[in-house]
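In this document, chain identifiers A, B, C and D correspond to the written order of the chains, with residue numbering beginning at 1 in each.
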């Protein structure tokens, strides 16, 4: 059995990891950490886990952790860190990584350029020397590298959805990335379990709003990964919105199509010259990249991704629509932010790292309604 | 592998059975039936099942079914009927039951007294001769009988919750059943997937109301089962309410406690005479009945059942509170109406009938949030 | 114009008073107080009021208020206190009441017996000498006394709904009050705008639970008022539940009916002796009490009160159903907890106190959906 | 008093008109029409209106209406048609318009080009000869023309929000309209009260999806109106989404800014040349157009429009954010789809047409929460 520790086990993402591991056929929960609830029974805080997980939370203050590297390395095979920015990088060391694997759900190791990290997160990076050892844990894209690393930067929820939705067309150079706009919706669990007025039921219910407009921290992460796919640096627009539901990310992405005749015409110009790519051909590109992927479903013509149909699962649904009036393609993707957008992708990464079945413990069918 | 057929597979409960069977380690879906969507792909109707279940719905009109009894008996080991009242009883025969097991999610075989059925359901019973062969499939109470039957009357959602919440105290004669009042809340999926104005989002959202006041059809079912526990006929009050959530049943049940001194005093009179049972003793009674039950969780003192903590699972949470002012006990229970209140209890019944692990395919941890 | 001050203007109830006063034809907001947001623009905190109310919150710390009694009395005609328990009673004095009227939305002056207050609220009462001057502001019941007082104890939300729903039958002695059980549902705004984890969107959404079982503080308030109606002290059962909606209280109340033949038989015994009151006669009793009341609507036979149909208004909807099997009457009521359950009833009290049209500024039609 | 008739009074928009007129100081409801509920009491269908509007629905079948033009013209001063496409144009005639004013909430008279109407709505236009007499009832833009017409084409909900959000910058030529992308969210009431499975609570709740991608019928309406503002024909991208809330439209609009130096550079090129317009200057443009408008609120820097803050009111909130990385401006707007997006704008049009106070009967403060 894979012995797992979870730091930040009483946040929504951490608790979801606990839930998944509690039923995982090849893993066991060695300990669950929490600063706020140290010493308390986990099921006292997450009533759903009553009689399922019988653990008291240990104190997972990172200062304390730093002093127990040897013990952590010895007692666990993998550590999940479901903590705010800066926590993971403040205690992970080469010594720890020599003894155990780390899957970090924060942004600490997602960006290869420290300067970009420090600009968007407005904090100093605690362990820049480890960045090059980390692999960006977008399973379907980086599977081979994930197998070989000890340190995973588990992608963000908006990011996973945004990247996977556009990846095939960006990779194949079929869209003009300068025109790429990502407009996304998120359920409220993405905001975490902290007691903030802004996330009270009555503040969020019966409301929709944009937030982090032009400044959301997932922007550079999407830019870096899609940039790698495009083979050049990208600048794109990303706007998240908060909508009243517990779970779910829906990304709607817009880009002008590149003419099929090599003319370089884009968008409406290509449309007017009748050299716009056909929707069926573009969908075939998605099938080329994702057809064999268990957890990415390319929907048939006429279906749109909906968060209800991926909820509770590790699936990502994607589809596209070509607009012959504007010459744009609208790319759409949906996932469950706590699952593929956080916890189940983290477990998927664990499965890959340990060479077990990739779907072990995370192959539940989405539960609707 | 257990070969299963599902009649009414495109209702919410039927689709939930499909979802559970799709991941069940010892069962396979032989066919899925639907009258409204005959010939259509199931995943076209339930997008969550895309690439998970690849089946076209067969026409499951009961008139048609009646003519294929021999084939049904030969091709399946078990048939689930997730249909409106009257459907199951209109085609199930002794011949069918000789060849296959039937788990009926409707009320057709839940009431032993045909007259009661016909009064509350306002329709003639189609197969009164089969009633005595049916077992009421409340797994934790009737496990032994379930093992031996070919025909299960799978309990209703309100019923499962209401009965299990009060059962130990009724069985032990600790409450005055004449004072028993069951006030229950239900999520909207209990109303089914039919296109009715009353169940539109804007009609249900931001609303709470009682319905079926004094006339709800689950009343005689609760009365019969709790009556059996009490050893005498019962008349009780049952009031359901509709509240804006997808899933969940919450029962709050009130009854006057019987004095511990054999005086027959009840409620406030017992309280004033200081002969009221202690809450801890009553909780111990729950532990006696449910302590060994995997899917019934008796909560610790101070916790109340909440639907969020059982959602997506086969668990029932129960707890009690004694009111020393009024001499009443308030009994509370929560479950997921589509799971323990319908589909997962149906699968639990299947597991028991086939002698496999009772939790096979239904042991998911509740998913919160 | 009536010059009004509002203490606690940035809680949900306080802000609702501000909203109502902003459009009131005969009142003006003199100042809005807030401890947490002193000095900030009110519309910065309640974006709905942008360009409608242009006020900065004053610091309404009660210690500070105590030192400005003369000024308060001079500058305002009425002060609303939408504050936690203990605040109003800590600064209101006879001197203040000599100069201005006070409408207190807390429980400080709702209970005439200080001991009961101190027992249920677990705090010392700050101004017991003022209790006898206060009038319980249930407008339809105490209108004459409201006209003459300077100090209103504005009723709680559960209380207003629970009392008005049962009042006619209690007053007329038609039910056995010992059997009275009040089961109520509340929207989340009743919990206030404080930043508590328990009230986060993801904690409340898709959930239903009971709370304050046997101990909710509105219990003695209901007991006192219905006791006055009954002409004797009452002990009753009250259980509130939290359901996922912004606004709304729904009360479902159970009681055994008293035989019409003077035999004293109640409930099932009366039913079996065919001396149960008729539902139509009971509804006529409601009409007798409420037929002339603008804001209480006695629904016709077959309709149940629903919170969606009173939302955003000062209306209370009530109806009953007699159960001939059990001999009970089920009484049901619905209101908007922030309106008739708090702010609009407070304004209704103000209107009565100042002798203006009782519906001034609060006569909006409920907005559905 | 203005005598008003309402055709389609039992849809959500029609019922909202009824609600507004029921409290309008200068209008009275002459009759309310419904095909589905002809002969039934309106308050039987809309329980919120019980004891407020006491009217039985008349049969408003348009074939019947056609035969009563003279009577309609004589009995009413204004007729609202809250009906599906094709209904209004099938019975309105010059004769009717000579005698009464018509405010049509459908799309029948919104598009000046019949061909465009017939292409997007896939139906023949019934009264093309009347199109030139109709005025597009976007009050703040077309106030002068509204005053003089007898026939108003009341704008759609997405349209009102989308146009008003971008109008000032389009009008002033500050953005490249070829790059304009409108991504919008809608509450569910926009889908109407028809009994469709897709709009059931459990289908919509906990879900987000795009719909009508590239084909939504509000597209040409937005294009025509913004095209008029720009002084040239426009083609733009419009994508609506459905999110789980009763009311509200939120528009997020993207466009590349035009350089301030007259170079014609747009977007990132302008940003890199440091000739991007300043955000404060752009906000000043909004103030120029909307500063004097009572019902359009230009939010201060740092605030985003949120649907909760306009709900229940006729307000539209708008704001912008300039992205110096991409050279785009993100324009955001929010309104209540049943109010400013339908019923209250219709009443605002009525007020203007009759020369009474523009805010009569529609000046409620938004109700939050």
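Keep this in mind: a contact is a pair of C-beta atoms (placed from the backbone, for glycine too) under 8 Å apart; a residue touches a chain by one contact, two chains touch by 3 or more.
Because the structure is a prediction, the values reported are computed rather than measured.
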item	value
Selected pair, greater C-beta contact count between B-D and A-B	A-B
Distance-maximising chain from chain A - centres being C-alpha averages	C
Interchain centroid distance [CA atoms averaged], chain A/chain B, Å	38
Whole-Å gap separating chain B and chain D, where each centre is the average of the chain's CA atoms	47
Sites on chain A at which at least two other chains make contact	12, 189, 202-203, 205-206, 244-247, 306, 308, 311, 369
Touching residues (chain side chain B, partner chain D) in the complex	12, 188-189, 193-197, 199-206, 244-246
Residue ranges of chain D touching chain C (in the complex, touch as defined)	12, 15, 19, 22-23, 46-52, 189, 206, 246-247, 297, 299, 303, 306, 308-313, 317, 338, 363-369
Footprint of chain D on chain A - complex, ascending	178-179, 181, 183, 185, 187, 202-203, 205-211, 213-214, 235-237, 239, 241, 243-248, 250, 252, 254, 268, 304-308, 311, 321-323, 325-326, 328, 330, 332, 334, 369
